[in-house]
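Mind looking over this structure? Questions follow.
When the chains are written out, they are named A, B, C and D in that same order, and each has its own residue count from 1.
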Amino acid sequence: AVAGCAATDAGASGDELVLGVVGNNKDEIQPYTATSSASADSLRQQLYDGLTAYDADGGVEMRLAESMTPNDALDVWTVKLREGVKLHDGSDFTSEDVVESVRFMLDPEHVYPAAAQIDFVDPDGVVAVDDTTVEFHLLRPAGTFAETWASRDLLMRGLDESGEVTGTGPFDLESFTPGQEARLVRFDDYWGEQPGFERLRIQFFQDQPAITNALRGGQIDVAYSVPFTDVPALEADPNLKTLVSESGSYLTMSMRVDQAPFDDPRVQEALKLVVDRQQIIDNAFGGYASLGNDFLGNNTDCPAPDVPQRAQDLERAKQLLAEAGQQDLQLDLVTDGVFPGMMETAQLYAQQAAGAGITVTVKKLDTATFLNGWGDWPFFIGYSGSPYVITAATHFLPDGVENATHFDDPAYTELALQMMGTVDHAEQCGMITRLQEIERDGGGNIVPAYPQSVVAYRAGVEGLHADLYGRTSIDYRGVTIEK
Amino acid sequence: MAVELLAAPAPSRSTRRARAVALAVAQGVGTLLVVSLLIFLVTQAMPGDVARVVLGTRATPETLATLREQLGLDRPIWEQYGTWLWGVLRGDFGTSLVNGMPVSELLAGRIRNSLTLSVVAMLIMLPISLLVGIVAAQRRDRAFDQGFLGTSIVVNATPEFVTGTVLIALLGTTVFHLLPPVSFIPPGDSPLAHPEAMVLPVLTLVVSGVMYLGRLVRIAFIDAMSSEYVQTARLKGLGTPRILARHALPNALGPVIPAASLVAAYTVGGVVVVEYLFAFPGIGAALVEAVNNRDLPVIQAIVLLIAATYYVLNLVADLLAGGEPQGR
Amino acid sequence: MTATLEVADLTIVRDADEARIVDGLSFALGPGEVLGVVGESGSGKSTVALGLLAFARPGARIAGGRVVIDGVDLLALRGGELRDARRRLAAYVAQDPATALNPALALRTQLLESLDGPPAENLDRIRRVLRTVGLPADDAFLRRKPRQLSGGQQQRIAIAMAVVARPRVIVLDEPTTGLDVSTQAKVLALVKQLCADEGIAAIYVSHDLAVVADVADRVIVMYGGELVELVPTDALLGAPRHPYSRALLAAVPSARERQVLHPIRGRAPGVGERDAGCVFRARCDFATDACLERPPLEAEPGGRLVRCVRADEVQRLTRITRVADRPERPGLVCRPAVLEAEGIDAHYGERQVLFNVSLELEPGRCLAVVGESGSGKSTLSRCLIGLHEQYEGRLRLDGEELPLTARARPAAARRELQYVFQNPFGSLNPRRTVGSSIAAALRLFGSDGRRTGAVVAEALERVEISARLAERYPAELSGGQRQRVAIARALACEPKVLLCDEVTSALDVSVQASVIELLRGLIDEGLAMLFVTHDLAIVRSIADSVVVLSEGHVVERGETAAVLDRPSHPYTQGLLADTLELPALAG
Amino acid sequence: MSAPPRTEAVAASREPSARGAGLRRLWAAPRVRWGVLLLAATTAFAFLGGLLAPFDPSQPVGAPYAPPSPGIWLGTDQLGRDVLSRVLHGGAYLAWMAPTSAVLAVAIGAAVGLAAAYWRGWVDTLLMRAMDVVLAFPGILLTLLFVAVFGPLPWLLVTLVVVALVPGVARVIRGAALPVIGREYVQWAKAVGMPSATILRTELLPNVSSPLFVELGVRLMWAVGILASMSFIGYGIQPPAADWGLMVSENRTGLGIQPLAVLAPVVMIVVYTVSGNLIAEGAARVIARTEGRAE
């Protein structure tokens, strides 16, 4: 009731939507920076488009590309661009822009980590055939070409006359201060569906609690995401609403399977068996999750593998440990706790593991320290949010950059490469399901739950849509606000 | 005995003072140098570097090497320090390692924000502390005094984050929605243009500050009021208001000024918690993020700034309180 | 003649327990008259002085009586009226101007604030008063802060501040205690002149009989918060009728002739420690059973008041013998000097404070070092003991070269040279018992641990302190007792030379007398002593020879009698002239 | 050296003459006594409270942020753990870390302050400059840096608090010691050649015991504040440990629905700190009183 006199920020009046997200000083406007962060992502999604994109359910849709056609060997792809796409400076988006973007990404000097996702593209083999046609000559055949370009890291940029970076996205940038705020205005020549409001302000926060406070204080309209533990407090507030989506992002408790004691499958199995998944769902995710079954990837539109749900079995776990001679296993579980649920899951897991005589000590590190040991931590909390095609390559192939579990299963590798060389979606799905089965039983990841993502927003914001890839709060197609 | 306290001739006193100030400044610069060197060395010992932070989990040995080379992290640390120091001596604080922005540009707004926050807090805190302290001293051991002492014992015992959290819940989110719980200050705007954003952080600082300073004022006043010169003033037939204002106040300020300057230094350098709590875009918050990012030039600039502020405030307090800076 | 000031039954009590600090005091005072108030420390002098302005320090309360000035009873006034009265009728000068003047305010402000009326006129008045008290009256001077003045100047400002509003009565509480003799002389002359010229009645509080004798027309002797005798000054000095007055006089040393001093035994009672009888009973040589009841204050001819049942006998039976009954020490004994100092130059930083000072100390003799405040007396003794860092010269102990600093000296030398300080309140560690302080000294010089207790007791007995007090902390001792413990500590080390720096200047005359007599005894036992003082009367009582210091230079030296009777240097002559002396005694 | 004090002191026969009269006088002050008792009670609570806890402090016993119910008297926290049990366990760290840091800081600070005051000259300059350097470091920065280097180890946190507190103590004690060093008994001790260490120990130290006590109280209070704040901003004691400061931080967003999860630890922190405050207050009063009388 008192909300009427809430001291909302001056700019929030009229036709402006304010988004709150944890910010980062590292953010830049140009899309090919070394860092990836939620805040940079929320900004880039407004400024740029990709050639393709995942839709809300995990399927691939065309964006700047109108079509993608391979040759028979799958090593030359012809991309036809959408007609009439404008850059923010008013000029047309053309194939030249695509060539420039791709080459920039692939140039090692620019240290763009996501370039690893398109390492099959030959920089010199990207050719503009005409204004709206680009030919990609690949270093090796790729079946998942369209899926690959749907990655949110592979956006297309343009350059204006002065060489400044510009984009084709639904919003044009007005001002940007890293770590503080970005102001954007609607780009009226946008080729796609327009947002229903004029201005967008992205407010960057240092931490999550402040976002929650700001939302409750009426200072922001939409929170990028909220910690599950905050949800009850937010739901109790009559001025706020929440939108729950299934999510393709989840945390894992991961172990280095090439190292003792985790190289012993009995130990792996035991560590997976001690998890009381329902308790984690209820207490770490506030109920906003579904049972996880220790494989990555409910982030596709493929059906889940038909495997039994793993459940807590402390007796069996103890027995396995005894067999492996690891009765009093002592482990450090390392995390930087940056994603919601990480600390909570870690704490609950430590508590549950104690039931099988395993001593798990949770170690929270600052991000830099955590990253410094990345790849070396024997037991840590990881995070995965990319579509399975990418996940398979980066997390499970022996030379995958994010393969911190040091998983190396020849059967998996072979199948994964085969999957990436397939264009047929149904066929791909079949293979993905099998890959997931392999990692469920032999992989180093414990996936206790598949969390949902909860977006909280001010009543009055209409039209936000559930999204498997966590874009609920930053995809404003058709969103309107009423102050 | 008293007779030998003959005044030294004025000029010699002031030259002595000037020399002492010069010495203090020199020592201050030395202190800053030591501080910067220590910081530099400690950051070298920190696990992880800016390249790792920037590249995150997708780093490969090659990308790490390239980035480190681009940032100059591959050079010997003495060379890095030398370059940095040389830059500082010419007034160039370098560029942020994480986003390449000049440190001065990155911090200018934040410095202004923090400074405004501290100054406003001090400006409100000082008169209130004086008033409360004087009234409590005047009503020594009566209800007001007892009440003030009791409150201050509890409030002083309450860490600021608790006070702040309670204020947020009370005024911002849960009970009333009167004030914004988070302090947005759009970049480029003066914090003074957003008074509503300042209220809660200032209030948090002021509440703790008043309870601390007010007590010092109270004690200083009790001391001054029981001094012989106040007794003399009474015997001269002066009224209480004049005695308070003219006789007790100037003397009572003596012990209060150093404490006030300490509080001022604290509100400049130690507001991290308050800034963190209200997401106030100041240097405290910037420092935390710089450390997390291992962004050395930013860390160094902020630390030097805080250390210098502290030092200057301290010096000023010495000058105000004791005439000469102590050659400590 | 109507009295300017009339005090009736003034009673001031301690808040906590209603114990009387001042007990039913009555007297009257005419215009221009100066009334002295004397008494030992703690007798309630300051309490009376403040009470006359209807003021009581926190913790005390004026419980009854009247203070009437020009027909106005100050004690009946409240608020604005009282403030007014304090401005127009009565004024107060505190003992220590360094603390009584506000350090933060310019002189001008402090002088002006008690005047109302047009500022220009006030300023005129101030300038006139400043000239009267012998201070510059220019603007630059008026802009100064108190700490930019010397002690004497500060005290004159305080007096100017008191008289500037033309009060009828001015109360001066020991205004010269902190000053040296020449400054004291000037201040006293000023007070006398102001009272005579402006017709101000003055109450002059002091513990120094000589000062009171010099300035006052009549004297109140206070003891234990009571008025025990009120007499015209001459009558007091000639024929004291109260045993306490008599004892006080007997304890005062004279610069003119050498005499045995008679300390008053015992200790003055504290507030709340008095019983129903005569307050002085416990220390009185005349006490009888009759004194178990409190004697009334008897009015006597000549406006004299005495509170003693045996006043007549006191006056009749015992004449005060102030004759030089101590034998002059036989001339030069020509024993070899224990401690010799040669050509001492001492500095503080850039500034030189001692210039080529030489002296010799012989066993069984006392050498006095006299001089004004700041002349370098303490510095000299600090040099000898080795505490001063910046000095040159040569020292010899028993003919052996003595290193200049204490640190460099052998243990034996540090034992043989001992130092007793001016301030009895600082010379003992408050956190050690008396016994432990002495034992610490003994331990340093490797005494036999088992005998320590006995040696401590012995040392205390030597200074006439009960060995039982060894268990006490300094805070539980009186100033005189502390000073004696400090001497005992020095003696316990079996020194050959004792350096005493103004050891009595913080003590009451009665206590001073006991300490002087104690020291005298030690000298007779063969100790060599250097006695630093600014009081020529004490020099006469204790010293065999004298060195006069002025601004760091020795200006005169010789046998005590010779120097004091026939001073040759003008500086010494001036010093002697300014030294106040009780007037020649009857009988 | 102004006018000589001539008040014959409170004489004989009252106080019992025993060693440590200073401490006894402090103890006689009601505030000091209350403070010490409160401190003892809170400390006992912090150490022994765990034994009374109805539940394992890291065991979820219900839904997150559940309101109080029978058996779960203070409700649950953000992970559904029993708030009461966590509060009972949550003082253990603070209860040893805060006093340890305060005592160490006061000990080191006193040593530095006394040495600086006693030797003056370059020793003084060196020590006090060093203190300035330390003071000029924002304490929070030290925390960030060192916790990043070594991790949030309890002994490291204690060290950091000590480092943050020492300069203040050193200054105060130096200030308190300077006049004492000018006192005649110290001069005498120097003159008779008492070894410096002995002078510092027996002549100086006992005579600054009252300010030391005040410092102990004040620093204890600050130590609690700093440690709790460290936990709060995530650089102190780490989850899943039960710790009062951490509990405030963890549960503050739930303040609206389950206020007890925040208020209970807050009350404990405040009570604990008040004890330090009371001690300091009381000691300061005693000093004021004795100085007013004796000096």
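Of note:
Criterion: a residue touches a chain if its C-beta (ideal position, glycine included) is under 8 Å from a C-beta of that chain, and two chains touch if they have at least 3 such contacts.
Not measured: the values here are computed from a predicted model.
The interface with the greater count of contacting C-beta pairs, when C-D is set against A-B, is A-B. With each centre defined as the average position of its C-alpha atoms, the distance from subunit C to subunit D rounds to 46 Å.
Separating the CA-averaged centres of subunit A and subunit B is a span of 41 Å. Between subunit A and subunit D the centroid-to-centroid distance comes to 47 Å (mean Cα coordinates, whole Å). Each chain gets a centre from the mean of its Cα atoms; for subunit B and subunit D, those two points are 22 Å apart.
For subunit D, the set of residues touching two or more other chains reads 2-3, 148, 252, 255-256. Subunit B has residues 1-2, 46-48, 173-174, 226, 276, 288, 291 in contact with two or more other chains.
For subunit C, the set of residues that touch two or more other chains comprises 96, 98-99, 178. Chains that are in contact with each other form these pairs: A-B, A-D, B-C, B-D, C-D. Listed in rising order, the residues of subunit D touching subunit C in the complex are 2-15, 17, 19, 21-22, 183-185, 187-194, 202-203, 206-207, 209, 294-295. In the complex of the two chains, the subunit C residues touching subunit D come out as 40-42, 95-96, 98-99, 174, 177-178, 207, 267-268, 270, 385-387, 406-407, 409, 411, 414-415, 418-419, 421-423, 425-433, 437, 440-441, 444, 471-473, 475-479, 489, 493, 505-508. Of all residues in subunit A, those touching subunit D in their complex are 209, 212-213, 216, 227, 229-230, 232-233, 236-237, 279, 282-284, 286, 343-344, 346-348, 350-351, 362-366, 368-369. Across the interface of their complex, subunit A is touched by residues 56, 58-60, 63-65, 78-80, 147-148, 151-152, 234, 238-240, 252-257 of subunit D. For subunit B in complex with subunit C, the residues that touch the partner chain are 1-7, 226-229, 231-239, 242, 246-247, 250-251.
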